[in-house]
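Reviewing the structure listed below.
As written, the chains take the letters A, B, C and D, and residue 1 is the first residue of each chain.
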Amino acid sequence: MSVYQKIKQEAYVCNMQLPKLGLVLFTFGNVSVVDRERSVFAIKPSGVPYEDLSPEKMVIVDFDGNVIEGELRPSSDTLTHAVLYKNWVEIGGIVHTHSTYGTAWAQAQRDIPIFGTTHADHLTTDIPCAPPMADDMIEGDYEYQTGFQIMNHFTDNGLDYKEVEMVLVGNHAPFTWGKDGHKAVYNSAVLETVAQMALLTEQVNPNAPRLKDSLIKKHFERKHGPDSYYGQS
Amino acid sequence: MSVYQKIKQEAYVCNMQLPKLGLVLFTFGNVSVVDRERSVFAIKPSGVPYEDLSPEKMVIVDFDGNVIEGELRPSSDTLTHAVLYKNWVEIGGIVHTHSTYGTAWAQAQRDIPIFGTTHADHLTTDIPCAPPMADDMIEGDYEYQTGFQIMNHFTDNGLDYKEVEMVLVGNHAPFTWGKDGHKAVYNSAVLETVAQMALLTEQVNPNAPRLKDSLIKKHFERKHGPDSYYGQS
Amino acid sequence: MSVYQKIKQEAYVCNMQLPKLGLVLFTFGNVSVVDRERSVFAIKPSGVPYEDLSPEKMVIVDFDGNVIEGELRPSSDTLTHAVLYKNWVEIGGIVHTHSTYGTAWAQAQRDIPIFGTTHADHLTTDIPCAPPMADDMIEGDYEYQTGFQIMNHFTDNGLDYKEVEMVLVGNHAPFTWGKDGHKAVYNSAVLETVAQMALLTEQVNPNAPRLKDSLIKKHFERKHGPDSYYGQS
Amino acid sequence: MSVYQKIKQEAYVCNMQLPKLGLVLFTFGNVSVVDRERSVFAIKPSGVPYEDLSPEKMVIVDFDGNVIEGELRPSSDTLTHAVLYKNWVEIGGIVHTHSTYGTAWAQAQRDIPIFGTTHADHLTTDIPCAPPMADDMIEGDYEYQTGFQIMNHFTDNGLDYKEVEMVLVGNHAPFTWGKDGHKAVYNSAVLETVAQMALLTEQVNPNAPRLKDSLIKKHFERKHGPDSYYGQS
C-alpha cells in the first residue's frame, strides 16, 4: 500500500463532496490534501469525471509541482495548490471550484460584503477578491503565478490566511483552504451560500449596510478563539 | 427511558425536517420542543451534523438555560429559545435557520411585505424584522438578549406572538415558532417561500402594491379562527 | 367499487405530479378531474399532505359544490373549480398551485409577456392576469366569485378558454386547465417555467421586445391546429 | 440488428442526459448523432417523453430530412439538424434545448458576454445570439431556415463552428454541437451555467468588464490546441 494512502483517501472523499454539495458541474473543481511530513499533497487527476474517481487515482505531487506517484496527469491547477502549500505552512487542504455565485462575484471583481452573521460566523472581513493578474503573470507560468496573486493580495491587504480561509480570484473563481480537506470543502460551501445571500441582500435593499463591528466580533468569537462555545469542542 | 423521551423524539424528527426542506446548510439551524408540565425543552446539540443526530442526542434544558439531561452541549442559540419559552407561554416549538431568502431579508433589514394570499394564509401583517441589537446587548449575554430583542419588537409594534409566528432578526436570520415543533418547522418553510416570492414580486414589478385588507382578512380567516374551512378540522 | 373510480384515480395521479414537478410546498395546490356524463368532479381533500393521499380519499363534488361522495372535506378552492366546470363545458381538468414564479407575477399584477417560442408553443397571447377581486366579491362567496373573476376577465379581453388554458389571479396565484387532468398539470409546469424565463429575460434586457406575430403564429401552429407536426399525432 | 445501431444507441444515451442535467422540461429538447459514412443521423422522436425512450425509438434521417428508418415521426426540429450536418461537415452531434438561462438570453436577444475563465475554458468569444428570423424565412420552411439563420450568423460575424460550438437563436433558444453527441450535450450544460453566471455577474456589478484578451487566450489554450494540458489527453 502506498505511504500516501491516507491523503489519497481523504482527497478522494473530499473531491466526492463537491458534486454532492452542488459546487461543481462536470470536472470544474478539485480538492487537494497535504502530507506535511513528506511535503507532498494528493490532488484530483485532471479532467476525470467524479464518478470515475477512486483513492488510487489521486496524484501525489511535491511543492514544486513534480509528480511523485500516480499514473494520471494532476489537475491543471496543481501549481496553484503547490505554491500555497509551500508558503502558507499551516494549510492542510485546498479547494478550487467554479461554484455559481462565488464565480459571479469573482467575475464582477468585487469583494463580498459582510452583511450578516452567517458570514461573521466564519470570517470577520469581506471575502476578498484578488484583482485579475497582470499580463506577464498570465503569459508566464499561469497557475504558479495564480498562487502568488492570491498571496500578494493577502499581504497587500493585511489579511491572515489562518483567519480568512477563502478568496476570489478576479475574473476566475473561488479558492478556499483549511486545516484539512474537509474544512476546505466546508469553506467552499460556506462561500457559495454567503455569496448567494449577499447578492440577494443587495437585491432586497441596494443600501443594505455592512454588519456592525460588535456583531462581527461576537459571532466570530462564538465559533472561534479561546472563549468559543459553538460545537462540542 | 427518559421522562423526556416524547419531546426528544419530536425534537429529533423536527430537526431532521430542516435539511429535507432545504432550510439548512451543514448545521446552520436548530429546532426545540417544549414540555410545559416540566418546564424544559429538548434542543439540538451544538454543531452536530444532522446525519449523526438521534433522539438520544437531544439536550434537555430548563427555561434559564441549565442543562437538565444530555451529554452534549446544547445549541449555541439555546438561551434565545429559553427566553421565548419562559415569556411566551403558549409556544410549543421554536425553529432557527439561516435559510437563504429569509436571511437575505434579515440582512437587508426590511419587513417582508404582504404581497399575496400565500402570505395572508399564514399571517395578516408583514413579516416583522427586528432591528439589529444595541452594542451593549451584543456584548452582554448575546443569545439571551436576542430573545428580548424579539419580544420587545413585538411589544413595540403591537404584534401578538400567537398570531405572528415568525420574525427576522436584523443582520442575522429568521426565528419561527408554533404550537408544537412541527408547526414551527412548517412556519420556517412558509417564511422561506414567502420571502422568495416577495423578492421576485418586487423584481417583476418594483411598484407592486401590498395586498388589500379585504383579501388579507378573507384568506387568514379561511385557515384560522372560528369560521375557518381549510383542512379537515 | 365507486362509479367515480376512474376520475378518482386520475385526480390522485395528477395531484401526486404537483410535488414531483416542484410546483407545491406542503398542501399549497390541488387538481380536479371531471366526469362530464355524471356532472361531477373528483378533487383533492383539503389540507391533506400529498404523501397521505390515495385515490379513495379524493372527494366527489357536483357543479354547485355539493359533496356527492367521500368522507373528507374537499379543497377550500372547490367552488372555483365547480364554477369553471359548469360554465366552461369543454374543460376536463383544473389545477391550482402557488408555484413560485407564477405567484410572483400574480402578486406583481402583470400579464406575463410572450417573449419567446417556449411561450408560443403553448399560447399566442400574454398569460393573462385577472385583477384582484372587488371587495364585495371577496366578502361574499369568495371561491365561487374567483371563478367568475376568471371568466369575466376572459370575456372582457376576448380570450377563449380553449386556446388560453391558464390564468393568474391578481395577488393570488395561477389556475390552469385542459382537456384532462394531465394536460392541466402540464400547463401548470409550462406556466411556471415560462414565468421564470420571462423574469430572467427582463433582467438580461429590460427592453426585450415581445415575440413578433409571425413567430407566434408559426410556433403555435407547429403544435396545434390542422397542420401541426409536433408529436406522434 | 440495424446498421444504425451505434448512432441510435449514442443518441438514446445522450438524449437521456438532458433531463439528468436539468436542461429540459417535459420534451423540450432533442439530441441527434450523425453517421458520416452513411450520411444519416439518429434523432429523438417528436413529443415522446424521455422516460419512454429506447434506442429502438430513435429515428434515422438523411441530410435532406427524409426518414430512412424508424416508425415514429422525428423531432419537429429535424430539418435544422439536417441543414447543419450537411453544411458543417465536421459536426458529430447536435443538441437543442430550451434550458432556462440560455433561453432567457435568447429571448433578450443578447450575446452572452465573456466575463470569466469558465467561459474562456470553452470558447474565446461571446456566445453569439443570431437575430430572430425574417418573416419570409419563418413562413417558409421554418426549421430548414433556422439552420441557415445560424450558419449565416456565423459567416457574417467571422465565427468558426469548430471553435464556437454553441449559439442562441433570438427569441427562441440554444443550439449546441460538437465532435459527437456527448460533446454536444456537454456544451449545452456549459452554455446554461455560463448563461446563469453572466446574468448574476451583471447583477453583482452592472459595469463588470469583459475578460481581457490575455486571460481568454490562456484559458482556452489550457484546454484546446497543441499545447493544451487539461485532462488526460
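We take it that a residue touches a chain if its C-beta (ideal position, glycine included) is under 8 Å from a C-beta of that chain, and two chains touch if they have at least 3 such contacts.
Given the structure is predicted, the values throughout are model-derived calculations rather than measurements.
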Report task. List the interface residue numbers of chain B and of chain C, divide the shared ones by all numbers used, and answer same when the ratio is over half, different when under half. Result -> different
Query - Interchain centroid distance [CA atoms averaged], chain B/chain C, Å - result: 33
**Report entry** chain B-chain D separation of Cα centroids, rounded to whole Å
**Finding:** 46
Report summary line: Multi-chain contacts in chain C, i.e. residues touching at least two other chains, fall at 203
Query raised in the report: Hey, how would you classify the chain contact layout here, line, ring, star, complete or other?
Result: ring
Report summary line: Listed in rising order, chain D residues that touch chain A in their complex are 115-118, 186, 189-190, 193, 196-198, 200-201, 203-205, 208-209, 211-212, 214-215, 218, 222, 229-233
Query raised in the report: Which bits of chain C are touching chain B when the two form their complex?
Result: 25-26, 28, 45-48, 72-73, 76, 98, 100-101, 103-110, 132-133, 135, 138-139, 142, 171-173, 199, 202-203
